[in-house]
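Look at the two complexes coming up: chain A is in both, with chain B in one and chain C in the other.
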Partner chain A sequence: MNRLKTSGYHLAMGLVSFLWVAPILWVIVISFRSFDDVAANGLGSLPHSFTFSTYKSAWEDADEFRALVNSLVVTIPAVILSLGLASIAAYGLARYSIPFRRTVLLLMLMGNLLPPQILLIPISRFVELIGYYDTLIALIAVHVGFGLGFYTFVLHGFMRDLPREIQEAATIDGAGPGKIYASVILPLTRPAMAALGALSFTWIFNDLLWSITVIRSGEKMPVTPALLGLQGLFVSSWNVIAAGTVIAAIPTVAVFLRFQKHFVGGLAIGAVK
Partner chain B sequence: MTGLAADRRTFLKGLGVLGAAALVPGCATSTKSPGSGSAATGELSLQSNLSSEQAKAAMEKLVAAYNKTGGAQVKLNTVASEIFRTQLPTYLTSANPPDVYTWYAGSVADSYAKKDLLLDVTSVWDGLGNYPKSMQTLSTSTNGQKIFVPTSYYWWGMFYRKSNFAKWGVTPPKTWDDFLQVCRTIQGKGIPPIGIGLGDTPWVASAWFDYLNIRINGAPFHRELLAGRGRFDDAKVKAVFTRWREALPYFDPKGKSFPFQEATSALLAGRTGMFLIGTFFADSAPKDALDDIDFFQFPIIDPAVPVAEEAPTDGYFASRKAKDPDAVKKFMAWLATAEAQETYVQNSSGTAIPANPDGKAADTALVKKGKAMIEGAAELTQFFNRDSSDALQPTADAALTKFLDKPDQLDQILKDWQVAAEKVFTA
Partner chain C sequence: MTSALTETARGPSAPRAGGGASRRAKRSATGRVSPLILVFVFVPFAVEAVWVFWPAVQGFWLALTNWDGLSAPTFVGFGNFSDMASDPIFRTALKNTAIWLVLFGGLSVIGGFGMALLLQRERRGVGIYRAALFTPVVFSLVVTALIWRVFYQPDGLVDTILRTIGLGDFVQPWLADPDTALYAVIVPALWRQIGYVMVLYLAGLKAVDPALYEAAKVDGASAWQRTLYVTIPQLKGVNSVVLSVIVIDSLRSFDIVWSMTKGGPYHSSELLSTYMYSTAFQSTQLGYASALAVVIFLLALAVILGYLIRAFREET
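This part shows the complex of A and B:
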C-alpha cells in the first residue's frame, strides 16, 4: 500500500516536472534542427534532421561571445555593487534607530512599485544629459539603482531578526559600527545575500528593457538584445535563435547550480540557531 | 546521486575557466567605455535594422565597398529590427544621433520630417533624374523637401507551387470570378485554398484589405483613407469587405493560430493552395522548394480601376543633426547608384529589386516577372503601415482579425475601427 502511494507520487510529480521541462526540451530539440527542416515541416513537428551548425552560426552571427562578455561586465559589478550598497543601507536601517527610517525604507520600496516602463524616457534622457548614453557604465548604474530598493527591503527584514545580544557583545568588545557590519552582521547575512545574489544575477543577466534603452551600438549590446538581433525583419531562423538561447542560458544555470542550496533554503532558514 | 553532484562540479569548474577567459578582455572594454560617444570626427554612423544573417552580411559588404572609395568612413551599426523600430524616435531626438538610418519611404518617413528631424537631401536628388516619378513622390515630405533616398523595393503577389497547381488542374486566375472558381476547385480536392498566418503576425491580413481596396476603389481613395481624409465606415470601405466575404469560406481555418512563417511551410507542403504575401517569405523557404514557386497578380475586380500594386520601398534617411551633412549627402548619393544597389541586392536574399531603374535585379524568372508587374502598374502603394503609420496598423489588425472571426458584425467593426483611427489621427 505504502509502495503504491510512493510510486503514485513519483509518477504524478514526474508528469508535473515534465510539464515544466517540456518547453525547454522543445527549445533544445529545435536548436539541433536544420533551417530547411524547420521551414519545410514547421516548428512543431518532430525533428527530421540533426545539426550542430546552428550553434556555430549563433556564436558567429550574433557575435555571442562579445555579447556574453558585455553581459558579464554589466552583471557582475551590478550585482556586487547593488548588494554591497543594499547591505550597508539595510544594516543602518535595521540595527540603528535612525530617525525616519521607516519612511526611508517605504520610500525605497515605493520606487519598486512603479512600473519601470514609465521611467524609460526620463532615464534615457538623463543618461544622455550626463554623457553616459551608450555605455555599459550607464547600464550598471541603472541596474544598481533599480535593485537597491528591493534588496535593502529584503536584507533589512533579515538583519532585523538577528539577535541584539550579538551586536551588544561586539560593542562591549570594542567594535565600532563598521567593524560590527563587516565581522558580525555580514557573515550572518550570508544565506540571504547568496539567495539575493543568485536572484539578481538572473534578473540583470536576463534584462532586455534597460539595455535597449541606454545602449545604441550593436557591439555594446548584452546577450539578450543580441539574441533578438538574430530575428530578421520578417523571417527568423528559429533554430539558430534556439541555439543562441541555449548558450545564453549557461551562465544563469551555472549560477543557479552554484547557489542551489541557498536558493531553496536561503530565505526560509532563520539567522542563527 | 554523488555522480550527479560530481558532474555539476566539473561543469562549474569548466565554466569557471571559461568565465575567467571571458573576463580578461571584458575588463579592457569596461575601462575604455566611459565617455566614448559616437562623435568620432570624419566618421559617419549608419544605424541599420537589417539584422538577419544575409542582410547584415550584405550591408557589411556595401559599407566596405563605400569605404574603399575614399571620403568619410562609414561605421555600420546593426541593431535588431524590433529594437530599431521601437527606438528610432529616441535615436532621432537624442542630442548626438547617428547620421544615417535604414528605413521606409512614404508617410512613415514624412512623419519624422514633419517633426523637423530629417536632413534635407534635395541636392542628392539632382543626380537622380532617372528615378521614376512614383519614387520621387515617395521621397518628398509634405513641405516639398526630398528627405529620403530609395534603394530597393519588393512586391506582393499570390504565391503558389507550380507542381500543385498542375496536379489540381488549375491555372493562375486573372479576374476575381476566375479566382473564386480556382478556390472552389482546390477546395474540392480537400485542400484549404487560401493560406494565411495571423498568429503573431496579424498585419498580414492588411495585404488583403490593401489589395481589395486598390482593386475596387483605386489607389487614390486608398491613400486618402489611410491619411485620415476618409472614413472607415464609408460605404465604399464596406464594399471591400463584401467582396472579401465571397472569398472568406476559402481561407485556411488554421491560419489564425500560426505566424506567416508557418503559413509559408503550409503552402510549401501543399497543405494550402495559395498565399498572398510579400517576396520576403522566400527567405523562410527551403532552397529546393524555391524553383517550384510562382505567383500571380492579385485578381482584377473592376477593369475600370487603374491597376495598382503594392511595392514597399526601402532606403535611407539622415538626421538633421548630422555632424557632417556634406559627407552624409555624398554617401547617400552613392547609395542611390545602380552599382551600390546591385552590391546589396546580390548579397542579400535576392528577391529585392534595385530602386535605380538602371540597377540589375537578380536574374531569375520570378524576379523578372515581379519587376515587370510593378513596372506595368499605373499606381504604386506600399503597405498599410507604410502608407499610414505604425500607430494605425494595430487598429487595422484588430478590425481585420475580428472581421475574419465574425464577418456578421461588420457594421460594428467598421464603426469601432473609425473611432480607433480617429484617436490615432488626432493624437
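This part shows the complex of A and C:
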C-alpha cells in the first residue's frame, strides 16, 4: 500500500513537473527547426530538421548581440550602484541613531511599493528635460532610484541584527564609521548582498516597462524589450523568434544556476516571519 | 523591475521573534552620528527623492490636469476621474483587473500553496520537482509571453493536442478572440507565478516547528486536520506577505499582457496598467493617464499601508 502511494506520488509529480517544463522544451525544439520544416509541417508537429540558422538570424540580422550588450551595460552598473547606495544607507540607518531614521526607512520602502505607473509620465518628461531621454544612463538611474528603497529595507534588517560588540571593538581599535562599514559590516552582510544581487540582476535584466518608457531607438533597447521588436521583424517566423527567446533567457538562467541558493534564499526573505 | 518578481522578497529579513530583534536594535544603534554617516544616508535618499518621490508628487498633480504634452497642462480638478465613469474602456479595464486579481491572484496562491504542501518533505526526487516548477520564475515575462505565443499559434501545439484528443471543435485563435484573450494571457502568468508562491510557502513551512505536527499526530489528528489546524494557522505571517505581494503584483501586471496582446483585441484583455500606458504614450492624454495611474495606486493603497504598518511594527 505504502509503495503504491509512493509510486503514485512520483508518477503524479513527475507528470506535473514534465508539463511545467514542456513549454520550454518545446520552444527549444522549435528554435532548431528550419523554415521549410515549419512551413510544411506546422508548429505543432515533431521536428523534421535541425539547423542553427535560426540562431544566426536572431543573433546577427535581429542584432540580439547588441541588445544583450545593452542589457549588460544597464544591468551590471545598476546592480552595483543600487546595492552600494542601499548598503551605505542601511548601514547608517541601522547602526547609528540618526534623527527620524524610522521615518526615512519607511519613506524609502514606500517609494518602492508605489505602482510604477504613477511615475512613468513624470520620469519620461524628466529625462527629456535633463537631456537624457533615449540613453542607457537614464535607464540605469531609473532602476537604481526605484529599487533603492527595497534593498535598503532588506539590508537594514540584516545589519540591525549584527551584534553591537563587533562595532564597539572596531571603534576602540580606532576605526571610523567608513572603515567599520567597509571592513566589518559589509563583509558580514555578504550573504544578503549576494541574494539581493542575484535577484536584482534578474529584475533589471527582465525589465520591460522602464525600458520602453525611457528608450526609443531600437539599437539602444536591452534584450527584453528588443524581443518584442523581434516579433515585428520576423513576422510569423516563429523558429527565429523561438531562437531569440532562448538567447534572451540564457543570462538569467545562468545567473540563477550560479547563485541558485542565494536566489531562492533571497526570494524567501520576508516570507518567514 | 516591474516583473512579478520585483516585489518578491519584500519584507524584513530577520526571521526572529519581534521582541528579541527590537531589543537588539536598540542596543546596536548607538554609534555617534558623524557627518560621513549623514552623507551615507542622505545620498541614497536624495537619489530616491529625485527618481521616485518627486515624480510621484508630479504624477498626482498631473492627474488633476489635462495635458497633451506640448502646451502647458490645464487644471481640471477631478474632471479626469468623472470622465472615467463614462469611459467604457476604463470599465472594461477595471473589470479585467478585478478578474485578474481573483484568477491570477487566487489560483497562484492555491496552486503555490498546494505545490508547497506536496513538495515540503525532503525525499528523493523532490528537488527535481521543485526545480521544474521554479524554472519559469527565472524568465522575464516577455520570454514567458513569447514561449506561450508560440504555443497558441494557429496549428501550434495547443491546437495540435486538441485535435489529437478529439477536441478539434475547441480550436480557435486563442489570443485573437476577444472572448478568450484575457484567459489565454492569465495561463502563462500563472505558469510563472505558481513556482514563486511555492518558494515563499516552502520557506514558511520550513519554519513551522515539527513538534507541533508530532503533538497533533499523537492526539490522533489526520493529515488533513494537521494541515488545516496546524499548518495554516502557523503560516499567518507568510500568508500576509503573499497576499500583499499578489495584490500589488496583480495591479502592476503589465509586461505579460503588453507582450501578448497589448490589451487587445478590442480592449478585451485590457488591464488598468496597459490602458494607462497606451493612454499616456500612444494617445498622449497625459492628464487622463495620470488619473488612471492614481486609480491603480488607490486600489493598491490598502495593501501598501498594511505592508508598511507591518514593517513599522517590526522596526519598533
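Keep this in mind: the second predicted complex is superposed on the first by the 227 of 273 C-alpha atoms of A that agree within 3 Å, B and C clash if a C-alpha of one lies under 4 Å from a C-alpha of the other, contacts with A are read in each partner's own complex, and residues count from 1 in each chain.
One rule holds for everything that comes next: a residue touches a chain if its C-beta (ideal position, glycine included) is under 8 Å from a C-beta of that chain, and two chains touch if they have at least 3 such contacts.
Keep in mind the model is a prediction, meaning the values are calculated, not measured.
With the two structures aligned on chain A, chain B clashes with chain C. By the touch criterion stated above, A:133 is placed in contact with chain B alone, chain C being left untouched. In the superposition on chain A, contact is made by A:149 with chain C only, not with chain B.
Using the contact criterion defined above for the overlaid structures, shared-chain residue A:192 touches chain C, although it does not reach chain B. Annotation for chain A, partner touching more residues between chain B and chain C: C. In the superposition on chain A, A:250 makes contact with chain B only, not with chain C.
Look at A:42: by the touch rule set out above, it reaches both chain B and chain C. In the overlay built on the shared chain, the residue A:259 is in contact with neither chain B nor chain C.
By the touch criterion defined above, A:225 lies against chain B and chain C together after alignment on the C-alpha atoms of chain A. Contact with chain C, but none with chain B, is seen for A:241 once the two complexes are overlaid on the shared chain. One listed stretch of chain B collides with chain C once both complexes sit on chain A; from 6-14, 150-158, 258-266 or 330-338, that stretch is 258-266. Note: residues 42-43, 121, 124, 212-213, 225, 228, 231 of chain A belong to the chain B contact set and to the chain C contact set alike, using the contact criterion stated above. Every residue of chain B that touches chain A in the complex is listed here, in rising order: 8, 11-12, 15, 19, 22-23, 25-27, 29-30, 33-38, 47, 49-53, 55-56, 77-83, 86-87, 90-91, 94-96, 98, 258, 260-262, 264-266, 268-269, 278, 280-281, 283-289. Residue ranges on chain C touching chain A, taken from their complex, read 1-3, 5-16, 21, 24-25, 27-34, 36-38, 40-41, 43-45, 47-48, 50-56, 58-60, 62, 69, 118-119, 125, 128-129, 132-143, 146-151, 153, 155-161, 191, 195-196, 199-204, 206-207, 237-238, 241-242, 248, 251-252, 254-255, 258-259, 272-273, 276-277, 280-281, 286, 289-290, 292-294, 296-297, 300, 304, 307-308, 311-312, 314-316. In the complex of the two chains, the chain A residues touching chain C come out as 9-10, 13-14, 16-18, 20-21, 23-24, 26-27, 30, 42-45, 85-86, 88-89, 91-98, 101-102, 104-126, 141-150, 152-155, 157-158, 160-164, 167, 171, 176-178, 181, 192, 195-196, 199-200, 202-210, 212-213, 224-225, 227-228, 231, 238, 241-242, 244-245, 248-249, 252-253, 256, 264, 266-273.
For chain A in complex with chain B, the touching residues are 35-36, 39-43, 57, 61, 65, 68-70, 72-73, 76-77, 121, 124, 128-129, 131-137, 212-213, 216-221, 225-226, 228-237, 240, 250-251, 254, 257-258.
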